[in-house]
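Two complexes, one shared chain (subunit A), two partners (subunit B, subunit C).
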Partner chain A sequence: MAQTTLQSPPEAGSARALPTRAGRPRRRRTLFAYWLIAPAVAFMVLVHLVPTAGGVLLSFKRLNTFTFARLFDAPWAGLENYRSILFDTANPLRDGFFGAVQNTAVYTFWTVSGTLAGGLAIALLLNRQMRGIRLIRTLMLTPWIVPSFVVAVLWQFMWQSDVGIVNKVLVDYTHLLSERPIWLLGENSMWAIIIPSVWRGLPFAMIFFLAGLQAMPPELHEAAAIDGAGPFRRFRYITLPLLRPLIAVQLLFGVIYAAYQFAIPYIMLGSNPGPDADLMMTLIYRQSFSNNLFGFGAAASVLLMAAMCVWVAIWYRAFKRDLEVT
Partner chain B sequence: MSARWVNRGLDALTWLVLLAMLAPILWLIASSLQTDGQLSRGTYNLLEPTFTAFSRMWQTVDFERYLLNSLIICTIAALCATAFASTAGYALARFHFRGAKPLSLAVVGTQLIPGSLFLLPLFMGFIWLKQNTPVALFDTHLGMILVYTAFFTPVAIYFMRYFFAAIPRDLEEAAMVDGCTRFGAFVRIVLPAAAPGLLATFVYAFLFAWDELLFVAALTQENAETIPIGIRNFIGNYQERTAQLMAAGVVSTLPVLIAFFATQRWLVKGLTAGAVKG
Partner chain C sequence: MPRRSAIVASAIALMLAPAAVAACGGDDDSASTTSSGTNAAQGEQLHKGVTLTLWTMPNSPKPKEDLQKMVEPFTAKTGVKVDVQEVGWDVQFDRIRNAAVSGEGPDITQAGTTQVPFFAALGGFLDLSDRVDEIGGADAYADGIWKTTQVEGQDGTWAIPWFTEARSIYYRKDVLEKAGIDPATAFTDLEAFRTTLQTIKEKVPDIEPFGAPGKKAFDLVHNVMPFVWDNGGAELSPDAKQATINSPEAQEGVEFMAGLIQDGLFDKSQLERDGTQVENQFKGGRLAVWIGGPWVLGSIGREEDDTWVPEARENVGVAPMPTGPGGKGYTFVGGSDLMIFKHTKHPDEAWALVKFLSEDQTQKDYAELLGMFPARLDPQQQVGQSSENHQAFFEAIQSGRTYAPIPQWGQIENAYKTRFGNILDSAAGVGKDYSEATVKAELDAAAKEADGLLAQSAG
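Right after this comes the complex of A and B.
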C-alpha cells in the first residue's frame, strides 16, 4: 500500500504536471499546493504528531494518581515504566500485559484470517451472474454499516447462556450440543469477540476482493480452461496470484485495526473483559483511565506501536514485489 | 446438465450466505419489537411485535441528547474532514511539490499510531487548556469536532485524491485559459465535477466518526457524550431492559444505514479504489 496507493496518480508524474500557463513561475504553483495542504497538515500535526510525541514523552514519566495534577511536569521515571512491564516479575501488571499481548495476537490472527478467507469465498460466490445479484451484493454490505458498539450489544444478547439465540439454536432447536456453553466468561469469551468482529469485517473484504475479481481480464481464465485447467487449478494459479496485492493491502490494515480493537470487547465484556479476552487496548484504557496508571498506559502504547512497526517491516519484505505490480 | 445443477446450487448457496449475514441484523430488529420481559425470559413471540421498547428507551437514558450530540459532532467533523481532504487530495493529485511524498506517507502513518498513545496527551492537553485558558475543549462539541476532523482527514485525503485523479485535467486548464484563477478553477470546475466523490468521502468520515468510542469515552464527561457512551450507560445501568437496548441499537444504526444506502454507489467506488487501480 505504501507504494501502490500512495504513488501519485499516473498523470501527476507526466510532463503535463509542469506549469502549463505561460509566464507563471513554477514557484507560485508550488506555493498554491502548500496552501491547499496547509489545513490538513495543521490538523495532523496538532492532533496526531504533537500528542504522539507527547505520548512517547509520558512513557518516560511517573504519571499516576498522585502526580497527575502536575500533568506534563510529572517526575521523570526514565525507563522504569518499560522495565516494570517487561522484566519486573514481581509486578502484577506484567502478567496482565503479557496476557493481553497473547490475547491480542490470538484475536488478530483469527479475526484477520477469518475475515480474509471468508471475504474471498463470498466474493467468489458473488462474482457470478444470477438473478438479483446486484441486490445481494448491496445487502451483503449491511453488517459493515452496523456500528461496532451496536454489534457488541447485539452479540452480547445473542451469546447469553440461558436465553440467547445462539444457545437456543445450538441446544434447544438443533440439539447439536447437550449443554449450554457459557460464552461471555472464561475461555469461550475470546470467540465471543472474534466471531462478531469477523462478521462485521467480512463485507469490506468481500467488496474489495469482488472489485479485484471483476477487474480481472476474463481471457486468462478462458485460455486456461481451453488448456484443460479445472476451476481449482484456475483459482490456484490465476485468481490467487492476481489477488496477491489485494490480500497484501488487507493484511496490512486488517492486522493494524484488529490489534487496535477496543469497542467490541469493551462494550460486550465491560471495562475488564477478564484474563481470557483482555486485549491491549482494553488493558491500556483501563489501567490509564480507571486506575490512573498513565505512565504504564503510555509505555504499553509505545510497545504496541513498536510491534506494529515491526509488523509493517515484515509485511513490506513479504509483499515488496507485489507492490510494484499494481 | 450437471453444470446447470451446480449453478443452481451456487445460486441457492449465495442466498443462504446472504441470509446468514443478515440474520443477526434481523434478530436485532425482531428483538427490539418484543418486550423486556419476553426477552429476559426467553419467551419470544415474533408474530406479535410491539413498539413499546422504542417509545420507552428515550426515558430510560437521555438518548435524545446522545443522538443529537452524535449528529452534530459527526456531521460537522465529517464536513471539515471532507473540506480539508479535498484541498489536500487535490494538491496530491495535481501538483508536484517538495513534501508530497512525506505527506502521502504520513497519511498512512497516522493509521499506525494506537489511539491510546495520543489520546492520553490529548486528554491532558484538554485538561490543561481548561485549567489555564478560556479555551474549552474538554467535554465540548468543539473539542470532539477537532479530534474527529483530524482523525478522518487522512483517509479522506486518500479517497479524494482518487476521485480528483479521475477528473480530466483539461477542464481546469480550459477554465484558467478563460481567466479563472487557480483556486477559482478548483472551486468552480473541479469540486462540482468531484461532487459524488465529496459525498462519498463525507459519508465515509461520518460512518467512522459515528462508530468512534475510545476518544469520546475519555474526552467527554456529560456535555458532549455521543451514542456509544449512551449505549455503554444503558448496559451499565439497565442491562435487564434488553428490548429497549435493542431498540436503541436499531435507532443508532438507522442514520448511518440511510446515509450508506443513499450513497453506496460512490462509496463502494472510493472504498475499492485501491483494488482496481493499475
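Right after this comes the complex of A and C.
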C-alpha cells in the first residue's frame, strides 16, 4: 500500500511525457518494460507474497507442540486463533497479547515523536554556516551507522543499575538522584528501550529534515522577518508547513518500523522483556519459536499487519494533499 | 508496507517448509534403520571410513576442538571418523527441532536434559531401549539422571546421559569467617540459610550477602524450584496432568526466595543480569553466597579465567542445598544427553560412538574439561572423591530432582519463568506491589497457562 501511494506522482509525470510517442512503438516499449520488471515481480511474489499468504493460512491452523511438524497439514482451526486472542477471557495468553499491544503503542508513540522532534531540533541547530559544521554533521550521523545489535548491547551495559554509566552520572557524579534506579526491570524498562531507539533514529530524521531546510527558499524567511515575524512565528508558519511532506513520510515509516521493532528489546531484555516492556514482536517470536504456538503467533502477526494497514489508510487520508504537492 | 510481518511469516514458512517434505520421506528412512539396527547388536562390524556428524553445544572453552580431540581414540580404534560441529545454545533448540522434523541433519546431537522429551515426541530419534543393556542400562545412572532419557507415559529410551550438573551453594570461606559463622551449620536448612545471610549483611557490610539472576536467566526455574520442592510443592501433579505451582506449598517456596529480596539479603540489582553475568559477580567478589553448578569449581584452577579476583578464587566453599521443613533438601539436576537421529544412515557407528563417550575414562576426561560431572555413577563417584567441594556436588546429584519428562515441559518452564520473574521483580520494588496476593495471582496465572499447554493435543 505504501509503495503504491508513493509511486503515483512519478506515474503522473511519465504520462505527461508519453503522448509524444504514439501507437505501436509505445505498446512495444510497455512490453519491454514488463519484461524488465518481471524478474523483480517474480522474486517479490516468491519471497514476499507467497510466504505472507502462507503465514495467513497458518493463522487458521491449530499449530502446537504436537502438530507444528505437520505444518500445512495441521488441523484446521478456522477463526479459533483469532477468537481466543481477542475475545476468550479464559485464554491465558490473551492478557499478554493486549499487554503487548498497549506496550507497542506506547513504545511507538514515544519513539516516533522523540525521533521526529529531536531530529528536527538538531537539524534546525545545524542548518547554519559555522566553523566545523561538516565535522559536526558527520559526527551526528554516527549512531545511525551503529548496528541495532551493538546499540542494544552498549545501552544494556550503560543502564546497569550498579555499575552502568547512566546511574554513575545520575547518582555518583551529579547527585541528581539519591538512590540508584533499576532501569532494565519493571516500568523503567520501557524507557530503557525507547531512549536507545530514539538515539539510533535521530540521525536519519536529522539528515532528512536538514535536506528539507536547505532546500527552503530563504526569501520567505527574509520577507517574513521584514514584516516583523520573530523566529518562533517564522518556524510555526513557514518552516513547519513546508516540512509537512517530510514529516508525513517519516511518520509513515517511523510508525511501521517502531511497531515491528524486535532487535533492541530482544537483545536488551531477553526473549521475555516482562509485562512492562513486552512488544508485539517479542511476544510473537517467543510464543512461536520458544513455545511452538505457531498458530497463535501467525494470528497475532496477521492482526499486527492489519493494524498497520489501518494506520496506512489513516495516514493516507491525513496526508493525501501533501503528497500531491510533492 | 507488510514487509516486516512478511519477514516473520517467511521466516516461519521457510523454517518449516522442509518439514512438509520430510514428513513424506521420513517413513522410508525409519524402515531402513530398523533393518540395519538388528545386525548392530551382533557385534562391532563397523564400516571404516564412515564419517559421523555430531552436534555439540559450547560446553567447554573450545567446544569443537576439545571434543574433536576427545574422540580421536575412537577414530583410531574403529576407523569411523567424527565431524564435530558446534551449535550455539541460542539456536540449538530450533536447529535440533528442524533437523528432527526435516530429516536433514547430523547423526548424533547433544540435547539439554529437559529438552529430550520434546525432541523424542517429534518422532525423529531412535529408540535405544534394545541397546542400553550394553552400557549397563538404568542401573549405571542416578535415578534423576536416567529419568531424563524417558518420556512420561511412553515406552522407550530416547537418549543416553552424557554429562551432569547439579546446583549447590557456593560461599566465600573468608566472609563466613569474618562474620563468625561455622560453615558446617551455615546452610543446613532454610532457616539457617536465611540467618547466615542476615549475619553476613550485619557483620560484613562491604559485600552483598546473596544474589541470583532474574527473568533474563534461561535457568531461572532451576534456581527457584529447589525452594518449592523443599516446602513440599511441585511443578506438576504426580501424573503430570495438572499444574500445581499455585499450591500453598509451592507459594511458600517462591515466597522464601522473594522474601530474601524484601529483607535486603538478596542484591536486587542482580535481577537485571543473566546467569553468566551473576556468576561473574560471585567470581568478581561482589557476592558472598550464590547458587551455581560445578563448572565454577572447575574454573578455579584455570589461570586464564580472569573473572576471578584472588580473594574469591582462594576462598570458595561448596555446601549442599538447605533442607526444607520436611527435612529433605532438593536441588535441580540437569546436564546434557546424547540422541541419535532416526534418519542416520549409520546407526551402528553412531551407537558405537555413544558407547565410547560413555566409557569411564572418556566420561571423566570430558567432564573435567567442562567442569561438569560425568553422567554415570562410577566415574561420578571417582570425581566426587577428589575433593570436599566435589563431594558436595556428588551428593547433590544423588538427591537431585528434575521435571516431569513430558514434551510440553519446555513451554511450561517458559510460562513459570515469566511469572517467577514478575514475582522477583515486584519483590525488588520494580513491578506490581509485592504482597502474598500478588504472588498468588502470578502463580495462578502460571498454573492457568501451564494447564492450557498440558491440554494441547495432536488432534
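We take it that the second predicted complex is superposed on the first by the 298 of 326 C-alpha atoms of A that agree within 3 Å, B and C clash if a C-alpha of one lies under 4 Å from a C-alpha of the other, contacts with A are read in each partner's own complex, and residues count from 1 in each chain.
Keep in mind that, in the parts below, a contact is a pair of C-beta atoms (placed from the backbone, for glycine too) under 8 Å apart; a residue touches a chain by one contact, two chains touch by 3 or more.
Computed from a prediction, not measured in an experiment: that's the story for all the values here.
Chemist: So, A:R317: does it touch subunit B (first), subunit C (second), both, or neither?
Modeler: neither
Chemist: Go through the superposed model and pick first if A:R134 touches only subunit B, second if only subunit C, both, or neither.
Modeler: A:R134 sits against neither subunit B nor subunit C.
Chemist: Contacts for A:V56 in the overlay, against subunit B (first) and subunit C (second): which applies, first, second, both or neither?
Modeler: both
Chemist: Would you sort A:M305 into first (subunit B), second (subunit C), both or neither based on which partner it touches?
Modeler: both
Chemist: For A:L93 in the superposed arrangement: first (subunit B), second (subunit C), both or neither?
Modeler: A:L93: touches subunit C, not subunit B.
Chemist: A:H175 in the overlay: touching subunit B, subunit C, both, or neither? Say first, second, both or neither.
Modeler: neither
Chemist: By the touch definition at the top of the document, which applies to A:P75: first (subunit B), second (subunit C), both, or neither?
Modeler: second
Chemist: Go through the superposed model and pick first if A:D162 touches only subunit B, second if only subunit C, both, or neither.
Modeler: both
Chemist: If you count the residues of subunit A that each partner touches, which comes out higher, subunit B or subunit C?
Modeler: Here the partner covering more residues of subunit A is B.
Chemist: So in the superposed three-chain picture, is A:R27 touching just subunit B, just subunit C, both, or none of them (first/second/both/neither)?
Modeler: A:R27: touches no partner chain.
Chemist: If you lay the two complexes on top of each other, which residues of subunit A touch subunit B in one and subunit C in the other?
Modeler: 1-2, 47-48, 50-52, 54-56, 58, 71-72, 162, 256, 260, 281, 284-285, 288-289, 294, 297-298, 301-302, 304-305, 308-309, 312
Chemist: For subunit C, which residues count as touching subunit A in their complex?
Modeler: For this pair, the touching residues of subunit C are 1-6, 8-10, 12-14, 16-17, 19-20, 23, 93-94, 101, 118, 121-123, 214-216, 268-269, 271-274, 407-408, 410-411, 414-415, 417-418, 421-422, 425, 428-431, 445, 448-449, 452-453, 456-459.
Chemist: Where on subunit B does subunit A make contact in their complex?
Modeler: Going by the criterion above, the answer is residues 7, 10-11, 13-15, 17-18, 21-22, 24-25, 27-28, 31, 39-42, 83-85, 87-88, 90-101, 103-108, 110-122, 124-125, 127-128, 146-147, 149-151, 153-154, 157-158, 161-162, 165, 169, 173, 176, 182-183, 207, 210-211, 213-214, 217-218, 227-228, 231-232, 234-235, 242, 245-246, 248-249, 252-253, 256-257, 260-261, 264, 268, 271-278.
Chemist: Which of the residues in subunit A come into contact with subunit B in the complex?
Modeler: On the subunit A side, the touching residues are 1-2, 4-9, 11-12, 16-18, 20-21, 29-30, 32-37, 39-41, 43-44, 46-48, 50-52, 54-58, 71-72, 122, 125-126, 128, 130-131, 133, 136, 138-143, 145-150, 153-158, 162-163, 165, 168, 196, 199, 202-204, 207-212, 214-215, 246, 249, 253, 256, 259-260, 262-263, 266-267, 280-281, 284-285, 288-289, 294, 297-298, 300-302, 304-305, 308-309, 312, 325-326.
Chemist: Over in the complex, which subunit A residues touch subunit C? Could you list them?
Modeler: Within the complex, subunit A touches subunit C at residues 1-3, 47-52, 54-56, 58, 64-73, 75, 91-93, 95, 159-162, 180, 182-188, 256-257, 260, 269-270, 272, 274-276, 281, 284-286, 288-294, 297-298, 301-302, 304-305, 308-309, 312.
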